[in-house]
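Following this line, the structures themselves.
In the two complexes that follow, chain A is the common piece, with chain B as its partner first and chain C second.
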Partner chain A sequence: MAEPTTEPLVSFRSVHKAFGTYVAVKSLDLDIHRGEFIALMGPSGCGKTTTLRMLAGLEAPTSGAITIGGKVMNDVPPHQRDTPLVWQSLALFPFLSVVENVEFGLRMRGVAPKERRDRAMLWLERMQLKGFETRRIDQLSGGQRQRVALARSLVTEPEMLLLDEPLSALDAHLVIRMQGVLTRLQKELGITFVYVTHSQSEAFAMADRVVIMGNGEIAQIGRPQEIFRGPKSRFVAEFVGRNNILGGTVKGGVMETAQGAVPLPAARDGKAEIVVAADRVTVSGERPAGAAIRASFLSEEFAGTGIICYFETADGAEWKAQVTESQLASLQPESGQEFWLSWNADSAHVMGG
Partner chain B sequence: MTRKFDPYPHVWRLPLLIWQGAFFVVPLLFMAALSFWLVKNYRMEPAFAFDNWERMLGRGAFWDAYWLTLFRACMAGIIASLIAFPASLFLAFHLSPQGRRFALLCLIVPFFTSFLVRAYAWQVILAESGPVNALLGGIGLGPYTMLNSGFGAMIGYLTLVLPLVVIFQTWSLAAIDKSLIEAAANLGASPARTLVSVIIPAAKTGLVLGAVFAFIMTFGDFVSPFYLGGSKPPTLTILIIDTTKSGQQWPRAAVVAIMMILTLFAVATAALKAAYGRRG
Partner chain C sequence: MKALSGLGWIYLLALFTFIFAPIAASVIFSFNSDRFPTLPLGSFTTDWYVRAFSRAEVWTAIGNSLIVAAVTSVVSTFIGFATAYTDFRYGFKFKQAYLALALLPPTLPLVIMGLAMLAWLSQVGLSGTLTGIVIAHVVLATPFAMAICRLRLSQMDPSLEAAAWNLGAGQWAAMRHVILPFCAPAIVSALCLTAAVSFDEFIVAWFVSGLNRTVPVMILEILQGNVDPQINAIGTVVFLTSMSLVIAAQVLIFRRRRDG
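Presenting the complex of A and B:
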């Protein structure tokens, strides 16, 4: 990851955006550094797309300031910015050929026909679209269109690229491939990528830093690992997924909960909430030593790398545990059967602490 | 598996087929046949003679009327499109969907009144002593002769076609994916360049169809050239009326009508190709 060495490329200062009475973004403060891959992530309506659109000048902030390269951009119209955006719908021009789409930005900047055709062809080659230049957009596959949209945005050699859920319309196998294309491209070009997504896996797989947003505010900023292992709030823990949350009162390294007492050496006395990731929960029939609670089995779900088992505690809380196929075979859980869910007391993360 | 014949869908098709067959295809064929008949002593006699075709197409007056009609229809298509476009842009991009629906409803209202009545209204408005000349007189201009001229006819044509052209254009402009317009700006296109490079190409189908409908309606209009254009020089529609009135020459009028149909067919085909055609 490119550590911030100079002043940030982009900064949002107390940015507020309202549509009528609906507040989309509330007092947003965010710095985006040169050369970083930053992901804005959150559920729909959290303000991530509005933030991105304000950066491109497609929405004007109600108050606050957005600077790019030290210059306040609030009143600069979109066509005078250099902030190409890859749309969720791709927004390719259906009445232009592939190469005409790619050279559009150069045409608008007055680059001579010969030069812009050459530069567009170079990008088509780079995106492995050579031979498709005279095709119409509707003659391309989803993945090819995606690459045309990337080429069209990058042909003008911008300092940053904005991406608004660009992979959400693709098949699962293509998503993985395009993630590779995007991260490689970002490293090679060394430019800033601002990536909006609701997908935790996309954001965590690609981004240097992830910004979790909820209700128009930033809930947490950090590296994927930091956010995954150390969610600051219940909102982040739940949004990131596959986390179990347990609340109670700590006294002398032990937390009293509705499920009984569990050891919690790291926490101060008082009310606390802990997060235990599903991959750190062990399922067993006998009560193990250490931190454990009792819960009844609900169902299992095959999740590619493992199996997620769903449990319910006596007070109705849902718990998830990731097990391997062989573990599942030896447990042979039946619906309603009671198990002990245990974890290493040190691997529990205390929220808000 | 053999499927039993299901009469149900065909029953619904029948009325239209009967109607089109009885009142369009058969009369059309009859008209084609009629163009080869001969008129003797003011009576039509079935025949297969090329006499009518030779006389009509060999006449300078026919071709004068033909080119005049063609020229006026082209002009009406172009002028109506140009006048309609700013209005359509406004309706498509600056109104809420509800506002747009209301505006389009208002554009249909003119069709509630017979076009003939609207043409008569223009006769009053454009008259030598009418309100337009009175207004122009107020600033020391005129009076101008506006009726019984190509200008008068054009006012009539535009009255006939403008609402329809606006509807076509608005429909196609409003249907443009808004992200295309944003993408153009995002890629450095000023609003004026976005209009030329993205909005017009994206709305091409509706823009061409609007112009073609204006052409078709103008080409076959009789009211405007007759009541507002003074019928001299004659258009093809007026030529048809004159021909039928003079000595029962229905066969020669049929020749004019067939020439009109062939022209409209050629223009409509070319226009549809332009509207829906793609390159590459």
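Presenting the complex of A and C:
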């Protein structure tokens, strides 16, 4: 990974956070660079939200140090930081009008009424909310509220914006549109976005770098493509994408598995696990040459990009294969029917590498 | 919600008649020219009001009641709000005990409370003073104020306060610009309700008031002397005052809020 050479905007150094006996974050080391869109992603309870809240000063690390712009921030209270957060619930003030909500940060910083109104109006215009300034929050649609929340966070022109699952309450079609709004905004402003989500489609669609977290630790950091095609552990492979995992012992470019021997030229001898993405699996009735295993058909599911067929191997492992509609029509699979699942031996990713 | 059946309406009507008939009778007889409350009614008169409100002690009592109610409502609403906010904001050991203790006073028998207050206030030299009545009434009214404020705080998105900090508001600024505006309807409602609790309260006030009588205590003393419709006239005014306060409180709490 090509690291930018400038000093990072944010550094977590051995940051540990415990709530009583519950450890939310074990020992976090992470650099966030100026101007990058970084996504913290993981299942619930993985520590991603706690990490974000520590960055905003809403939680204090139990040990370790968090620096922003080279300054240790551990004991700086939230209101003395410039780390606006877009909340999952949006947390707009129901007793204030739209423009008063947007002004709030400027008002707390003692900006004169005239100037703060002007700056808030500029942001409302930028967020295509002109004409809504005197409305109450409950008179807005979900997408409009989202944009008010963004304007309210950005009006103080921060160096960094924190986002905590901001799209989770929106309808699917709005999510795609807001993803566009967010990525464009981030590029235009050139500021750092730290985006927490459990949704891999959101993280992979928008972020420059994705941090996969699990059980209070970083499981993998990388560009979306790197993580998607090269998961380092079983946890990441199962969490991102539709991956099939096969384990066995490699000897001389062949892996002995519970499903028989499969060629694996890339691996060194010894125990190994490989990941085969569902879109790289071919389903056929006859045994093809190369890497293939036998599995019985379970069911199919229509996904946006194709059809996912689910299979089960003799030892109970689930396999997924992505097929097109015409392939499905020619296969005519029935439940329990056995097929060969094959892949190009070079497209299998060896984990731990 | 299911609509009421015909029988349900009759039941409801009977219930309200049962509750309000004595009050209605009192109001009606306050405008009746006869000295004793008998049917048929005499002629319409406002004479009893004129007579009742030309007595100096009535005005003194009303003055006392108003002062006590006003001070009680402000003090108990302040304490009630602070108690509710503590509950909302902080988790701590023995929190359940803290809440139980805070809600305890209305469950005590009022006679016991009155006796205890009398004993304690005379120890500190406040028995028979308006300050003493205020202290006793604050103890009685604070749990109501706290309950109302707690209800409102429970409707608040817990992120709202943190959002204010996040946007540059310190603790006090967040209190002033977010928590208080959000709780404003509940606070006004608590002011009304605690004022009504104090204005109405008889038993404890009777124990601790001494010569500084409040309206309910004065009514009893007039009643002990002689029964005449002046009592009905004063009662009607007291009833209207209390009802207005309670209704105002109810409207503020249960108004269909669009921001809830």
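Here, the second predicted complex is superposed on the first by the 349 of 353 C-alpha atoms of A that agree within 3 Å, B and C clash if a C-alpha of one lies under 4 Å from a C-alpha of the other, contacts with A are read in each partner's own complex, and residues count from 1 in each chain.
Methods note: a contact is a pair of C-beta atoms (placed from the backbone, for glycine too) under 8 Å apart; a residue touches a chain by one contact, two chains touch by 3 or more.
Since the model is a prediction, treat every value here as computed from it, not as a measurement.
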| item | value |
| --- | --- |
| Chain A as common anchor, with chain B and chain C clashing or fitting | clash |
| Which superposed partner A:His79 touches (first chain B, second chain C, both, neither) | both |
| Contacts of A:Phe104 with chain B and chain C, given as first, second, both or neither | both |
| Partner chain(s) touched by A:Arg136 [first = chain B, second = chain C, both, neither] | both |
| First (chain B), second (chain C), both or neither touched by A:Glu334 | neither |
| Which of chain B and chain C A:Pro94 touches, first, second, both or neither | both |
| Touching partner for A:Glu325 - first (chain B), second (chain C), both, neither | neither |
| Contacts of A:Asp315 with chain B and chain C, given as first, second, both or neither | neither |
| Shared chain A surface residues [contacts with chain B and with chain C] | 56-58, 77-79, 83-85, 87, 89, 91, 93-96, 104-105, 107-109, 136, 152-153, 156 |
| Complex interface listing, chain A residues touching chain B | 56-58, 77-80, 83-85, 87, 89, 91-97, 104-105, 107-109, 134-136, 152-153, 156 |
| List of chain B residues in touch with chain A within their complex | 177, 179-180, 182-191, 193-194, 197-198, 201-202, 204, 278-280 |
| Chain C-touching residues of chain A, taken from the complex the two chains share | 56-58, 77-79, 83-85, 87-89, 91, 93-96, 104-105, 107-109, 136-138, 152-153, 156 |
| Partner chain A, residues of chain C touching it in the complex | 157, 159-160, 162-170, 173-174, 177-178, 181-182, 184, 258-259 |
